[in-house]
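In what comes next, chain A is part of two complexes: it sits with chain B in the first one and with chain C in the second one.
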Partner chain A sequence: MTGSRIAAIIRKDFREFSRNQFFVFITLLVLVTYVAVFWFLPDSVDETVRIGVSNSVLSTDVGGVTESGTAGFALEIYASEEELQTAVEEGRDGIVAGIAFPPNFFESTAAGETPTVRLLVPAGLPPEIQLLLEGAVSEIAFGIAGVAPPVDPITEAVILGADRAGNQISLREQMLPMILIMVLMVETFALSSLVAIEVQQRTVVAVLATPVRIVDFLAAKGIFGVGLALSEVVLLGLLIGAFAVNAPAVFVILLLGAVLVTGFGMIAGSYGHDFVGTLLASMLFMIPLMIPAFGALFPGSSPTWVKVLPTYGLVQALIDVTADGKSWSQIAPSLLLLAAWCLAAFAAGAFILRRRVATL
Partner chain B sequence: MNIRRAWDVCARELKLSPRSPLVFFAVAMPLLITFLVSSVFGSLLDVNPELAIVDLGDSEVTAAAVELDGIETTVLTDTSTLRERVEAHDFDAGFVLPSGFDTAIAAGESPDLEFYVSGESLASTRIILAVTTLDLVRDVEGSEPPVTVIVTPVGDQDYVPISDRFLPLMVIYAVMIAAMFLPAASLVDEREKRTLDAVLVTPTRMSEVLVGKGTYAVILAVILGVVTLALNGALAGQPLTMTLILFIGSVMLMLMGLALGLWARDITTMYTAIKGGGIIIFLPVIFTLFPGLPQWIPKLVPTYYFLQPINDIAIHGQTLGDVIPELLIAVAICIALVPLVGWVARRSEHQLAMTV
Partner chain C sequence: MTTSSNPAPALAINVAGVRFAYGDTFAVDDVSFSVPPGEILGFLGPNGAGKSTTIKMLTGQLNPDAGTIEILGMNMPGQRESIQARLGVCFEEKNLYLSMTGRENLVFFARLFGVRDFEPEPLMERAGLSTRLDDRVSEYSKGMRQRLMMARALINTPDVLLLDEPTDGLDPVSAIGIRDLIRREADRGAAVVLTTHDMHEADELSDRVAFINQGTILTIDTPDNLKLAHGQRSVRIRTRDGDGVGEQVIPLDEAGAEDRIKDAVSAEGLMTIHTEEATLEDIFVEYAGRGLAG
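Coming up: the complex of A and B.
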């Protein structure tokens, strides 16, 4: 294996890649679109349910609820029921529903009567919000009537894990690993196309008729694939602020990710008989490889079958660093898992491509 | 134009299709998207609070919690599992009901209720689950709240749930791959392999090739579109109307596909153009997903004029008569695309003649 031969093949691949100006332009356009979409995403999480209230009786603490609301529950006060109804209909002030207390609610309840409260509910109100409203009204009434709650899950709750109340991971932060991984996955297809074209047009045979050996060819494809994927994902990472926390760790994770997709790109490229075949072969890899990234958008731990997918370590390590600011030692298990998959994918890719070239 | 020869081209496409990976792709994608949307994305954007309960007795609270609408309740067997899974945010909150809890509550006592909240759960979710739990316990206590609550629906009741808003996405995938991608890829492939040159030296003319390929693409797209709507229970009892709209939409995308296939110099250029221009085709889908965005913007995009009628009929219960204005605009767009395809075809034919 000689460096000059490998460099020559890489130069050839780069020329081929950059010769199609339209392709380069669209690649940049897609990159810009990803960046624009990322910065367009909300960077904070609204954890508060806003409820409109008319004829407020909440100037004093009743049932744990006051006019200033409580954590996760805020109140907007309206002068009349009509005003409240209009606000609910128009979704004004961010309120999702309304509670219309009768004017004499406090006095009636305190006197042991059973007043009627109207909940103004817009279409599509999630049923759990309606449960909250009904429960809150009952508790306010119980509070006024002086009936203490038998249990107190509101103030006596035990928080398990790091309390993120008021500091939740925003959609933008959640999407950061996914956008980076999507770009890496797309590069699976870009590399598989380059490999497939070499195989289909049999240019690899011409290349191997020169002093270039198969090992040089495989090394060149590997380096070019990793370089292509890494340069694009690093550029994207810089534009979306992925390196803000522990930049060396993020770089290593992305490097391993680039090696991983290069391995799969070589496999897909070896099996593609034409463009569409290559696209299909790439999709067969891309779809399962994307699952851990999608899974990360859901709360909770991933199912076991997701943990055995090659990109699980990549996603987990990226989330741990970018969202949770974890250290090298904390992400070491994910990195080791990812490195093992990289080795396996790259070895399999090189082996399959070598066999494919040998049959030409 | 000779209809017989155009039909022969269409029949050839039909005969070759089982071997084409793209046709497999076109058939598999709508099924895959339907599965993903129904099982993954729908629940992703429409997440209910998740509650876990360990019931060490046989409390009525558990039975009532399982029946709650809008809260996903899971009954676990031991406290340590509950704590672990709440901490991992598999559940937003969880509580442990000790043995004899109901009896103690009914007796007016205040038994211990271990109520655990995941640190990653939203403040709003915490208060919902806490208030709901309290409400369930009050029911067991048997104390009637000193208030009557009346629920009054207000405002526009024509609300579209998030899962239904994905319908245009599934339809556009079903139709676009078959109607647009298939004829475009087929044309580019035939030009690259020069089989188109071979066909054109026979009496078959370019217009007949285009009609043949286009007919095949439209037939496949309409079938896939109808199947996708049926799988999602969105035919709304009007299968013929839906078929007509899908036909118009398929013709529109097929014409775009033919123009693209004739224009693109190779398959990479064609794929790249779809990758870059796809955002315009998908624009109405984004605006349906997010109804808060200004709704005049998708009207600038041709695909709006067949996606919106499908949406209106499937989701809002409209009829053919209600969507006629949009459909007429869609037909007008199709008619306007015909000369464009003709012009690109003549240009392509000229280039082929120069390279033969």
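Coming up: the complex of A and C.
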């Protein structure tokens, strides 16, 4: 009996959802837009750092440092410093910085003099690249002068973790978790709106005056919310190839994500007094929940506190599986963290909605 | 339709010493009343008197802080689901699913009640909505929504009907239709509790009325008994007197009252005859020291 009542509420919720033109429009828009954006993003990474040089004398390799295409460097030669400066300013030819050698650089260096070499760097260039360029200039100078550097230690690179050289994570891959989470967030709003309408119009009071128990009602909302979020995110995942690696793991991660956002949807819906109120309450949750996904776009940029956000485990698990191809055992910590947050969010959502309904 | 194997109790509703407070404020204080099957009990009182709180406790929305509520021989809230299966409730607010049609609303609630092979047509016919069965409720007028609310309350052929302001704000024609539905349910044997602050509705519909004010029941009796006990037994007769109007009040308990009335009726120029019985509002004011408005 309870099952048929829950099923009746779910069917009713689906009917209401499908008749709400705004929800349907947003759902379709999000699907189409995100799929389009995803496939337009570059799926490879150009690992070569292009440097502009204003002295053609140096177009040949000097000391092996500037050999085109090796060590991730490529040179673009410009006839004059002015031309080089314009190219750097405009980001022309993909160059990230320029080295303006004086016309007499070769002779001066060979004569043991100290010529001035100008580095032309755009404002946003990471300081590490600038240091690298300074080092390159020194290497060139030593090569021309025929003098070995004062100290020349042997360096040996040890790659910790996955060696991504030649196999960088593309922007498309980086965006994948964010796109999936964005869709889950949109469904948070849809569910919270449905809950809010039920509360605002007090239809829940009529439902609970029948033999339906509050747990039946909460179960129905939970199942509908999870089903709605999961079906859309799985559809999107299929369209953007999110299931290409370890599909069962991706499905479980998305299922937990759907449970997580359903919990937050119930909380937001309980507090929404009208459309704008529901939207604001939803945004209150959506913005912090998006932060780990944004952090994934800039690896290493996220501060430690991001790890306490409920979606951190979701994003981490998605990246681990889709980008790094990690196994179940390797993503277990992230999954456990996510599952704990799911439990907490869903329990909090059910508790708050229950209290809200009791006050009607 | 829902049926019950329980024998019909003598009292459909039996409320004893019920109390409920919102924080420190008592909304209902030591309320007791009972309703046998087939009776309509009207709760008459101003806004905030405790009528809706009483109904909410009967529906199981609120649990009383003290006292007992028995409905159909079962304890509320202890046997909430069993009671709710046999309750019909019409809420004060029009809590219908607006994006769904009238038919869909009724079918949905029939599923919640577990009513098998439910067909909404006869119910919508009774509510005068048979031509609007497949229109969305958002397109219904206020009166139509109220009638759909009543139809929804009757889905499970309830043994107890709880109606919170069922005709509030309706046009006279819609109100008459709703009252007719309520009367027929009582005739079928349902115990009906209705709240209203409309004294005419209470007078017209109720077998007994309960005056409630500040969370306390002041009195419960039939409208006739209340009017007899508190009204004046007299007749006011107005006759044409030349260019003016003559008026006399004849106390019915006085000697010769019958002859005086006969004389007045047979005399030329009779304009109007009115009994001088008190209205329920007059009696309510007498009990509560305030009117029903507000």
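Observations on the structure shown:
To be clear about the criterion, the second predicted complex is superposed on the first by the 259 of 360 C-alpha atoms of A that agree within 3 Å, B and C clash if a C-alpha of one lies under 4 Å from a C-alpha of the other, contacts with A are read in each partner's own complex, and residues count from 1 in each chain.
Rule of thumb we're sticking to: a contact is a pair of C-beta atoms (placed from the backbone, for glycine too) under 8 Å apart; a residue touches a chain by one contact, two chains touch by 3 or more.
Given the structure is predicted, the values throughout are model-derived calculations rather than measurements.
Touch criterion met: A:120 reaches chain B, while chain C stays clear of it.
In the superposition on chain A, contact is made by A:4 with chain C only, not with chain B. For chain A, the partner touching the most residues, choosing from chain B and chain C, is B.
Common to the chain B and chain C contact sets on chain A are residues 20. Contact residues on chain A toward chain B in their complex (touch as defined above): 20, 22-23, 26-27, 29-30, 33, 45, 47-49, 70-73, 85, 88-90, 98, 109, 112-124, 126-132, 134-142, 144-145, 147, 149-154, 156-166, 168-169, 193, 274-277, 279-280, 283, 287, 294, 297-301. Within the complex, the chain B residues that touch chain A are 20-22, 24-25, 32, 40, 44, 47-50, 68-71, 83, 85-93, 95, 105, 108-111, 113-135, 137-138, 141, 143, 145-161, 185, 189, 267-269, 271-273, 275-276, 279.
Residues 59-61, 81-82, 84-85, 87, 89, 91, 93, 95-100, 104, 108-109, 111-114, 152 of chain C touch chain A in their complex. Interface residues of chain A facing chain C in the complex, by the touch rule stated above, are 1, 4-5, 8-9, 11-12, 15-16, 19-20, 201-203, 205-213, 360.
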